[in-house]
Structure formats: structure tokens, C-alpha cells
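One structure coming up, written as C-alpha cells, with questions to follow.
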Amino acid sequence: MIPGTFFKRALRDLKQNLFTHLMTTGVVAFSCLLFVIFGLFSFNLQQFVEKFGRELAVVVYLKKDVSQEKIPSLYKRINALDGVESVEFISSEDAYRELQAFLKDEKEILEGVDPLFLPPSFQVEINRAVFNIDKVKKIAEIMSQWPEVAKVQYGQEWVDRLEAISQVTRNIVIIAGVLLLLTATFVVSNTIKLTVYARQEEIEIMRLVGATNGFIQGPFLIEAFFQGFIGASFAILVSWLLYRYLAESVSATPLLKDMDLHFLPMEYVGGVLAVSTLFCVLGTYIALRRFLKS
Amino acid sequence: MIPGTFFKRALRDLKQNLFTHLMTTGVVAFSCLLFVIFGLFSFNLQQFVEKFGRELAVVVYLKKDVSQEKIPSLYKRINALDGVESVEFISSEDAYRELQAFLKDEKEILEGVDPLFLPPSFQVEINRAVFNIDKVKKIAEIMSQWPEVAKVQYGQEWVDRLEAISQVTRNIVIIAGVLLLLTATFVVSNTIKLTVYARQEEIEIMRLVGATNGFIQGPFLIEAFFQGFIGASFAILVSWLLYRYLAESVSATPLLKDMDLHFLPMEYVGGVLAVSTLFCVLGTYIALRRFLKS
Amino acid sequence: MISIEQPIIQMQGVEKVYGGYSPALKGVDLEISKGEFVFLTGPSGSGKSTLLKLLFCAERPTGGSIVVDDMDLSTLSGSQIPYLRRKVGVIFQDFKLLPNYTVFDNVALSLEVLGLTRKQVEKRVTAIIESVGLLEKINRLAVQLSGGEQQRVAIARAVVNRPPIILADEPTGNLDRARTTEVVELMNELNARGTTIIFATHDETLFTNTHRRVLTLREGILERDQKG
Amino acid sequence: MISIEQPIIQMQGVEKVYGGYSPALKGVDLEISKGEFVFLTGPSGSGKSTLLKLLFCAERPTGGSIVVDDMDLSTLSGSQIPYLRRKVGVIFQDFKLLPNYTVFDNVALSLEVLGLTRKQVEKRVTAIIESVGLLEKINRLAVQLSGGEQQRVAIARAVVNRPPIILADEPTGNLDRARTTEVVELMNELNARGTTIIFATHDETLFTNTHRRVLTLREGILERDQKG
């Protein structure tokens, strides 16, 4: 069987059933679009939570009487701890300036206060420790036992809350994702089934005049391939345009500038294309099988 | 024409085309489900933003030398301002205690600091002024001109940011909603079209033996009514179960307790039911019309 | 056997051109009286089915005027067509049965569209199915019948509501000699009760020895109108 | 005209019961030689179409054995069926044309399934369509044809790939006398070139004056096998 013949027949079919084909492609496109946009949303949410988490730091307050000379060795010891990303020393004066900046217009309330009343500290960033609260706890415990350390603070409440929120978010995302996938699968496979059933007579007649299963399936599968591919491509294009629009309107708002949006990674985009195409081809194959086995 | 006959014929049709009917109902159910869950999500988001906004307050710092006697009259004057929801007086001592609580374990840094170094202030809550930043500005301006007032602070940055976020959120919600609506409309109307087209021959033959349009449409419309109604009901049931599950898992997490979830208002639920039913009936009517006009 | 009554079917200068092709009917003038039994013959593709289709508005003429039972088909509105069709029982050349309806349901459809309930139709449908010899297959689906059996169901459906006019398009093409005779006798009987019948057929043996009127079409032209 | 060659069709004790109903064929024993021209007759519902359907595996027998051109149909796997059907040209009683394909495409289908390209089929298809008198309607859709024209397309499709066996199920039911004679002559011609033909018909005039073999079915039983 020459593949060229298949393409020619697929083209003729396409012309004859143009409306149905456009419809199926449209259904595929919409389903993919929902899925891609959902992916875009949850991907950015995840990025956002992660970034937020990464900004969390452990603060090590030193005793006020620790001598200046001990700082470098302490710095090294902290840096050497497993899981520490970066360490920054904040002297009493630095801390005072930070407090002033924080209080802004009310900084006059610090008038007459000794600039050294705040203890020096280390700001320790943990390497992506957001969801691994145990590691943070362990590091904090080690450091709090050193004689020079007054107190280790790591915003336990915040870490816990963040974890709880991201837990709920993840649950919602999973439920919604599964639901979307189910919907898309159901809707697309039904549309395919209905369009194949509509051509049941044609299939039956071809079989009666001696067509092999391959001969009958060929054009259907080629068409399904294009439906899946074009539908998904269209969805990706539209969601990319949507992303551009949102990203621009976000970066045009000075206050949201640091909330930079990302488009989906190429693997995800490729995955959507591949899954959509495969699904259409497979769905058509299965729908056809009903009429092909005797 | 006796309506009973229609119902009997609808029932017979239903038995004969059970698979197609279940399919259509399934498609309607999934479409509604997506829509209801989306509604649930954006409704709660909106509630959340609103609640957050309501907690924003305007703080009026008084000059340190304002005498105690003037406080009650100031309190009354602020309370009398248009748009003010509630007013709370915070003395220097209160403020000091709050700062201590805020600093928690580091409260020793306040050692030796005069408990009265913070100015007394009024905490003013604005009546749902979140999205009406102008009103907040106006109130702030009026109060800042009073001689007893040192400074009025209302977290302008926060209000702006919140407004920006809610703006973006609203845009996303609108875009996603329109997209979902389009998808649902497209998918459901196509499914209806395909199922009606599959029975084209039957319709044609009925017409040839003298059936009026009403006779032909009757059972189709009854079936469409049930498809729309049952599909939407199913979607609402499932999303309610989902909501119960989420609400329970949220309230079981101590840290998220104050983030109480709400189900959709009855009007929205009723709206989904009505629109789904109407849409199915109308879609079927339109799909049939193609074969009924001669 | 031609009763000279008022005409029930009148065609004047009727022309039918299917979009873009050469005409299927050209200037047909025809008058059929109430209670007549007319054979319509002519070679394959000569326009017999087209002529019949025009009479129940399955097709609209592209020229000329048609009056059926005092209804002017050129001014008949779409919503009036069902009422015309209830007066005209049609046996379609390709049967036009609903393949997944039972024999009973196929025949009953003719009465159901009139608004009769199941109870009311049961007796009449059973009787007519018996008269075409299919009583034992009354609950089979149409798709499960042989070609000739399907044709008999189509005949039963066309006559069950006792229409004043019957248009039979090649109603015996799939029937054996014995069955054919039965069908012709059924038609004779209905005709005797006053039904007007147009019977399109290729089977010359059906009319050569009768005294029926025979219309012969050739390439869309009414070539011969041989009063019996 | 019966050539005594090796049998191309053999049926032994063939029985066909459509699920749950009384049998459509009962114990049919039959042998047809290569190059024979056999008429198959019998009243409506006697099992003619069923017998033909068994020969190209449209239905499977519920008992007995069938061998067609050395293929044992009881052990034939599903994937082998297309190759059987390419050897058997079938003219279906209900035509089974694709309504939205043109006349050309309907006939060409028989050759396309063999893997031939359009170019290759064009000549043969055009020739066969001309021989059934439909050349001027070659580009019409099947749905736009008269009943008899559709039947001729069905005939053309069955014979265009020159199969060694032709099963004709009532191929002249919708044709006038002249066309019928043409079709029988076409069959005679194919038969003269070696094609085995089984011709199911109700029209006794087709075989009464020939010396062909006539098989008569009655209620599923092969009642008579009259060698010409």
C-alpha cells in the first residue's frame, strides 16, 4: 500500500467531512488550551511558593559580648555546615540601620537609643530547604549549642504555614489536574467516537468490497494525527499569547515587578503536543477497532 | 398531541440510544463541573482578598504632647468621619506592649528604653474601603490637618499592591472564565450536534410519513432537558463533595483555620443548573432546525 | 373501472431540474381523478420517482403547478407539508425503514404521527402486518428482515393510515411472483374502497392484461397516456 | 454450458440460525463448478441472500462447512477475509453504495482496495461505467441517482475488478426490461470469460428459457437443483 494513496484519501475525506474535522480539532484545541493554561497557572504558583521559601533565612543572634576576632571563624564554621547556601554577617550597626530603614518615617522613635543595643547576627540562607523543615531544624540545633550563640531563629511558624499552604495548593492542583485530564480525555474520546460512528456505513462498505483493516484505518489515523497536533499547537499558541499579555501587564505594574511569570518549560509543551497527538491517534484506533473486528 | 406520548417516545429513544445519551450527559456534567469548581475557586479567592483588605487599617499617630483629655473628643471626631467603620485608641504603653509582643524573644533589645518613647495612636478601620483608595486618601488627609495629629499612615504601598494583585487576579479569572465558558459551549453544542446528526435518517423518515416538527422535536427536547439538568446536578454534587473535603482538610490544619472556605451562593448554583438545562434544550432545538426546515 | 369524478391530482407544465443537471421532468401535464388506479412506467432514470416525489413535496418543482387534493403545492407552506403527507401514503423505492425499529414500530409510526396512542394503533397495525404475511416477524428489527420482507413492511406503513392517495414506487421489485400478486390485490382492494393509486413499475406483466390507465415516461417527458 | 471442472464453491450441511430466531438455512449441500452460471430463486425470505452472505463471510454459518476457491471459510481468520472478498464480486440487494461518493469513486473503491492508484483505475472504471450506460452521470453523487441507476453502479462496482466469482443478489429488481437484458448479457459475457456466477432473482423469465442450472430455496431448504 503506497502511503501517498493514504494521504490523498485522507485529503478527500477531510474535504468531505470538513465540518466534523474542524469540530474535532476545535474540541482537541479547547481541551489542550484548558490544560496548558492550568499548567501555566500551577507552574507559576509553584515557582512563586518556591521563591518565597528560598527567601526564608535562619538568623543566628550572637551574644553581645562576642569579640570581633571570632566572627571570621564562626562564619567559616557556619558555611561548612551541610545544607547552607550562603552566610551574611550583620553587625549591631547594620542591624540598627536596618531597623531605621524598616521604621522609615517613624525612625525618630529610635532617638536616644544606643546604636549597639541590637546584637550582631548571621543571616544564613538554606539551600532550597523550604519543604525540608527537618534539615533546617537540625542546622538550627547545632548552631544554638555553640557558646557564642545567643539564639537561633528561623521563623518556624512561617515555615509551617508555608508548608501547610503549599500542601493544600498541591492537593487542589492535583485534584483539578486529574479532573481536567478526565474531562479532556472523556470529551475528546467521545467526539472521536461520535465522528467515527457517523462513518460506520462507509467503513462497513469498504470492508465488504475487500478493504484490509490497514486500508481503512490509514486515512483515519492520518487525520487523527493532524487533529491532535494542530489542536495542541493552536492551544499552545493561544496560551503563549495569553502569557505574553499577562507577563507584560504584570511587569508594567511596578509593584508586581518582582513576581516575574514564566512560560511552561519546553518539556511540558512538548509533552502536551505528544500526548494530544498520541491520544487522538490511539482514540481513533480504538474507536475504529469496534467496526473492524468481525 | 398528548405530552404523555412524548414522554413514552422519549423513554424509548433513551433506551435505544442509551450510550449516546450517557455520553452527552457526561460531557455536560464534566463541563459544568469545571465551571463550578472554577467558580468555587474564584469565589473563595475574592472572599479572601476582600477579607484581607478589610483588615487593613489607617493609623493616626498623635503628637507626644497631646493631653489625655483630648482623646475622647478626638475619638468622637474620627468616628464621625464618613466611611469609618471602627476606631481603637492605642496609648504609648499599649504600643510598647505590642512592640514587645512583636519582638517576642528579642524583647530584651528594648531594655532600658523609655516605655513612652512610642507615640499614642488611633487604629481606624475603614468600611470596606479596599478598592476605594480615594476614600481612604480623603479621610487620611482630613485627619492629618488636625493640630493634634503627628502623622497619618495607611499602608499606601499595601493598598496599592493589593489593588494591583486583585486587578491581575480579576483579569485572570475573567479570561479563564470566558475560556471555560467558550470551551463548555463549544464542546456541549458539538456533542449535541453530532448526536442529532447521527439520527438524521430517523428524523427524515418521520418527516416523510407526515410528522409535524413538534412531534419530532418533543422527545429530543425532553431528553435534552434531562441531559442538561442531570449533568449539572451531578457536577454540583461532585463539587460539593470536593468542597467538603477541602474545607475539612483546611480546618483540620491549625495554621489555616482562619482561611475558612465558602461554597458557592445558591444563586450561582441555581444559575448553573438553569443555564445548563436551557443551553442543552436550545442547542438541541437549533441542531434540529437544520433538518426540520424544508 | 375509471370513475369519472373530480380530479384529485393535477399537474400543469411541471418541470423539475435538479440543480445544475439536465431536467428530470419536462412539461408534464397530468390529471388523475379521485379513485383512479394508474400505472406509471418508463425506463430507468426516466423520472418516475421524481414525479412521485413532487406529489408529496419531497422535492419542489422548478416549473409548472401541482394541485393535490385541493392543496396547491407551489404555495404550500412548510408547516402544511405534514398534513399533505398524511393524505398520501408512499411506498418508497428504497423502503426508508428505520433499521433499528421493530416491524411494529415502523408501521405504527404512520399512525403515531397522527397523535394516536399506542393502544389505538395496536389493532390496525397488527391487522395490516398480518395481511402482508409478516405477523410472526412483527417484533423483529427492520434490519433483520430479508429484502422482500422489508418491502412489505414499507407497503404496510404506507397503507395503514388509510390515506386517500397511495404512491407506490416499484413496490414489487424485491418480491416473488406470489407476493407480487398479493400486493397488487391489496392495491385493488384499497382502490375499490376509493383510494387513488399511482403504481410505478417496470413489470409490464402487472398491467398488460388489465384495463388500467398506463402512463409512460421517457427522459422526463410524458410520452404516452394510455387510458385502459 | 456447464463446464465440468473442479468445484469452486462447496457447501456441506450448511445451517444458519440468526440469533434466537428460526433457521434461515437448513442443511444445504451444494457444489458449484468453476465457470458455472447458476440461478438462485425462491420466495421472499427463503434464504437466498443469507446463502450468498455466507459465501463472502458477511455472515458465518452456525453449522456445516463452506469452501470457496480452496479457502475453508470455517477456519478463515478475520485478516484473511479481505482477500476472500477480492475474489468475490457482490451485487448487494440494497446496493450498499456510499451516498456521498461520486459514481466514479464508488466503482473505483473496488480497485483502490487492491492498492491500485487512481491513474491505474481510471481507464477500467470509465469503461465499466460506460457499459452500464452511466457515463454521463459519472461525476454525480450516488444519492443523486435514480433507483435503477444506483443498481447499475452496484453492478459496475462488483465486476470492475474482474473477480473469479460474482454473487448477484436481485440485480435487476429496479431495472426495466431493456436494462435487465443488458445486465444478463453482461453476466453472460463475464461467464463466457470464465467467471463463476450465482444470480439470485425472482424474475422467472430470466431463466425459464435458458439451459442454466436453477437452485430453488424454500424456507431455508434447497428444494430443487435443476441442472439446465
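First chain written, first letter: the chains are A, B, C and D, and each begins at residue 1.
The rule we apply is simple: a contact is a pair of C-beta atoms (placed from the backbone, for glycine too) under 8 Å apart; a residue touches a chain by one contact, two chains touch by 3 or more.
Quick caveat, the model's predicted, so the values are computed rather than measured.
Chains touching both chain B and chain C: none. No other two chains have as many C-beta pairs in contact as A-B.
Comparing mean CA positions across the assembly, the chain most remote from chain B is D.
Distance between chain centres (mean CA atoms), chain A to chain C: 68 Å. Computed centre separation for the pair chain A/chain B is 24 angstrom, with centres defined by C-alpha atoms. Chain C and chain D have Cα centroids separated by 30 Å.
Multi-chain contact residues of chain B, defined as those touching 2 or more other chains: none present. Multi-chain contact residues of chain D (touching two or more other chains) are absent.
Chain-to-chain contact here is organised cyclically: the chains close a single ring, every chain touching exactly two others.
Counting only pairs that meet the touch rule, the chains in contact are A-B, A-D, B-C, C-D. Touching chain C in their complex are the following residues of chain B: 1-2, 4-5, 8-9, 16, 201-202, 204-213, 215, 293-294.
On the side of chain C, the complex with chain D involves touching residues 18, 21, 41-45, 48-50, 93-94, 140, 144-149, 151-152, 169-170, 173-180, 202, 204.
Taken in their complex, chain A has these residues touching chain B: 20, 23, 26-27, 30-31, 33-34, 37, 41, 61, 105-106, 109, 111-114, 117-119, 151, 153, 157, 160-161, 164-165, 167-168, 171-172, 175-176, 179-180, 182-183, 186-187, 190-191, 193-195, 197-198, 242, 246, 249-250, 253, 255-256.
By the touch criterion stated above, chain D contacts chain A in their complex at residues 56-58, 78-79, 81-86, 90, 92, 96-98, 100, 109-110, 112-115, 117-118, 157.
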